[in-house]
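The structures come next, written out as structure tokens.
After this come two complexes, each holding subunit A, first together with subunit B and then together with subunit C.
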Partner chain A sequence: MSLLSIQDISCGYFEGIDILHDVSMDVGEGSFTGIIGPNGAGKSTLLKTIFGFLTYRDGEILFIDEKIRDLSPFQIKKLGISYIPQGINNFPHMTVRENLLLGAWTFKGDKDRMRRGLERVYDIFPVISSKRNHKAEFLSGGEAKILSIAKEMISSPRLLLVDEPSAGLAPKIVSYVYEFLRRSHEGGTTILLVDQNINQAIENSEYLYMLEMGSVSLEGSSQMFKEKLKEIIRDSLIGA
Partner chain B sequence: MSIKATLFPIFMYAILAPLPLVSGEYYTHVLNISFYYVVMAASWNLIAGYTGQFSLAHHAFAAMGGYTSALLVIHYKIPILLGIPCGGILAGAFGYFLGTLCLRMRAIYLGLSTWAFSESFRITLSMSYKLTRGDLGLSTPRLLETAKAFPYYYIFLLLAIVCLCIMYKIVHSRIGYYMRSIRDDEEAALTMGVDTVKWKRFVFVTSSLFAGIAGAFHAHYIGLLSPVSVDFNEMAILLIMVITGGLRTFAGPIIGAISIEILSELLREYGEIRMVLFALMVIVIMRVNRDGIVGIGRTVLPRIRYSTTY
Partner chain C sequence: MDSLLLSQYLIAGLVIGIIYALMAIGITFIYSIMKMINWSMGEFYMMGSYLQYFLVVYILGPHLWFVGIPISMAVIFFVGLYIQRFLLKPMFVGEMERKDEYATVITIAMMVFFRNLAVVLAGPNQFAPPDYASPTYIGPLPVSGNRFVALVGTLLILGLFYLVVRNTWVGRALRGSAQNRVGIQTAGVNVLRVDQIAFGIGVSLAAAAGALLAPIFLVWPENGAVATMKGFEIIVIGGLGSIPGSLVAGLLLGLVESMGSVLISPSFKDVYGFGLVLFLLAIRPTGLFGERQRVA
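Let's look at the complex of A and B:
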């Protein structure tokens, strides 16, 4: 069963200039799907469109067979989709705990669930647990990235949209981040990962899509991508 | 709410209650006005400090509350205590309108639009002289029969404490975090599932409501309303108060409003030069510590404690 189904969407930031052209994708329940492609292919735009930051001109996006057109990001978040943007998006003047609470308030009223979510996140990420009362601006780059991820995970989303988790991080933290993504996938979260780090994307995903100039140019299992890796890099990333 | 938190405002009221006995008639009046400014400054801090929406129309909302209440009382003979909330509600409604208008504006654009709004409001007030008596000023009925400052002191003290309690509750609740998240990074706030449109509107409405009510109380105390109260100087004073005390801190506007108002009375003989002095003070404070007096206190106090213990 597909959790998220993208059907022929076209959209862009300005009228008349489309970034995505008739993009279709299927993200199965419990799957780990990767999107790769060169700079400017529209990978991040696609995630922003799914999360409601951009309205699409044409096509339809279905989440659990329900249309999510015209929904605001906060409404989409309530449906069970979380979005981890590129870079760090913490609130620097708030403490780590307050940052996490902000993520937990999607299910306000349910204090028990909030507390459990908070404890679970502290368990998974001991790094931020020890700094829970520090202001977020005093975290190191890696810790801050982990906090950005943790505060999305606290609401235990059904679908996690991840945009370039490795950008600007030290290699050691990068592997930690990927390991975490793998673990949450094993825990039942469906993941849609956008990455420029092709090797990591192919390594982790089960199924991949390749975007080029705003359309899907190739799709297939990670096995197929592994076999064709050399050609892919030669043809599209360097330019034939 | 814990017992301590409930008792604290009552305690403050009790402590401040005997103050007029020593301050004398004139300084009681100054205190009344400074309590009015406490409400104004603190409610402006809600919108500018906590939510990051640098609105320059706060003084206009106060005047709106004052004029609405005064006109209703004069023309429809409603009791003053009913007129004041009406003034607050109208100001809140216009806050909703202005907030909606400015939803997509940021920083300087928001400042300019809200400033344009308050200027238009001032000109409208002067021009519709048949209703508002324009620049001649509208004499408003007083809340109490007397014009003496003494009894009003207790009203304004109560007003300030009640308003501050409500604001404290807002700032320290879930909504307070939403407000700060919008200030820090609006897009990240959306990603976190914060309905930014709703909460920005909420803050505009709430802070205008406070301004409207405070403005109405002020109008029924002073006994005179004129478009001068929508002059930009009025907004500038609010800005100076909040920035001197400490933008984004809860105590900042309170300290700022009271100290600036008293200082401004002490320097009255220097006339408009005061504004230059205040401007210099703001520049110095911005250089020394962006969190104003509260920020300076936060950095200096631990050092003093440190140097006395070792």
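Let's look at the complex of A and C:
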């Protein structure tokens, strides 16, 4: 069954200038789907569009058969989608705990669920658990990234959109982050991962899409991508 | 110079300073969330003062002035919500591109509109509500009852503001929106609703200043102009976007004006404040507590 269905969407940041052209993708319930592609291909733009930061001009996006056109990010979040943007995305002058509490905004009335959510996140990420009363601005780069991830995970999303989770992080943190994504996937979370790290993307995903200049240029199983890896890397280096 | 007189001016300066700070905190608070300067802040001060005058003179009676202040604040809070919803919010919806410059221009139009509306509705005259309290003492120092009330009222309102922003969910969302506008949306908060609430709270602080100061600075269509000007002076001194900066700078401005008046001459009161602004611009252009750089 398809959890997220992207059907021929075209959109961009300004009227008359489309970044994405007739992009279609299918993200199955419980799947781990990867998107790769060169710089400027429109990978981040696609995730922003799914999460409601951008409206699409043409086509349709369905989440469990509901059209998400005209929904704002806060409404998309309520549907059970979380979005982990590229880089660090937390509240620097608030404590780790307060950051996580804001992540629990959509169910702030449910004290019990909130307590469980906090415990779960502290459990998964002991690094931030020991710093729960520290201000986010005083965390290291890796810890700040982990907080940015934890903040979006506390709501136990059905679908997780992840944009370049490894960019700019130390190797140890990178493997920690991928390990976490794999475990969330095993736990039942559907994952849509955008990554420039082609090896990691192919390693972790079951199915992949390659975006080039705003269009899907290749799609297939990770097995297929593995076999074509050499060509893909050569092409993406040339930027063709 | 005798020390009793000096300390009297000192207190007067602190009192007026903290009320100026109330205006500045409102401006800075709205700016830090909407990234928009509300040039019509003084007009919300003006509306607060008219509302308070109306309530005290026609409905509540002179003894219930303290009931009028929260009512004025609440009414202007809702007026702010609606104004934000219909005039400012349309500038912020859609795409990720921000149009806060347009919103800023609208607040300038609102300034002109509300001043003239006040002239049309109530005439160009000055009104004075009855005194809130008779003269009293802080320790051995005599102070005007109205000023004392304004001081206590401002401290209560600032305390309440602090508690709301620190300890409530709305407060957390307000702080989050100021710190990371993308992050507050990925958390699932309706950021446009937060903008609306921030605007409502900000203008209700101005209304509180107007209502508290009504018996001192009176009620007339342009009475907010001075308050706005002082508010912006404080923001230059304290740093745009900093609430502690507004508080400290407000007190500082009040003190400088008051000390200048007693030590040099009261006729140049406004000049001392400007002197302080110029001095600060020269040595620390970002203000006392301002961020060193403004991103985007």
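Just so we're on the same page, the second predicted complex is superposed on the first by the 236 of 240 C-alpha atoms of A that agree within 3 Å, B and C clash if a C-alpha of one lies under 4 Å from a C-alpha of the other, contacts with A are read in each partner's own complex, and residues count from 1 in each chain.
Here, a contact is a pair of C-beta atoms (placed from the backbone, for glycine too) under 8 Å apart; a residue touches a chain by one contact, two chains touch by 3 or more.
Keep in mind it's a predicted model, so treat the numbers as computed, not measured.
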Subunit C versus subunit B on the shared subunit A, clash or fit after superposition: clash
Touched partner set for A:172, first subunit B, second subunit C, both or neither: neither
Contacts of A:90 with subunit B and subunit C, given as first, second, both or neither: both
Superposed model, subunit A: greater residue contact from subunit B or subunit C: C
Partner chain(s) touched by A:230 [first = subunit B, second = subunit C, both, neither]: neither
Partner chain(s) touched by A:102 [first = subunit B, second = subunit C, both, neither]: both
Which superposed partner A:77 touches (first subunit B, second subunit C, both, neither): both
Doubly contacted residues of subunit A, that is, touched by subunit B and again by subunit C: 51, 53, 72-74, 77-78, 83, 85, 89-94, 98, 101-103, 105-106, 108, 151-152, 155
Subunit A contact footprint on subunit B (complex, rising order): 174, 177-178, 180-181, 184-185, 187-197, 248
Subunit B-facing residues of subunit A, complex: 51, 53, 72-74, 77-78, 83, 85, 89-94, 98, 101-103, 105-106, 108, 151-152, 155
For the subunit C and subunit A complex, residues of the former touching the latter: 94-97, 169, 172-173, 175-176, 179-180, 182-192
Parts of subunit A lying in touch with subunit C, wherever the complex brings them together: 13-14, 48, 51, 53-55, 72-74, 77-78, 82-85, 89-94, 98, 101-103, 105-106, 108, 148, 151-152, 155
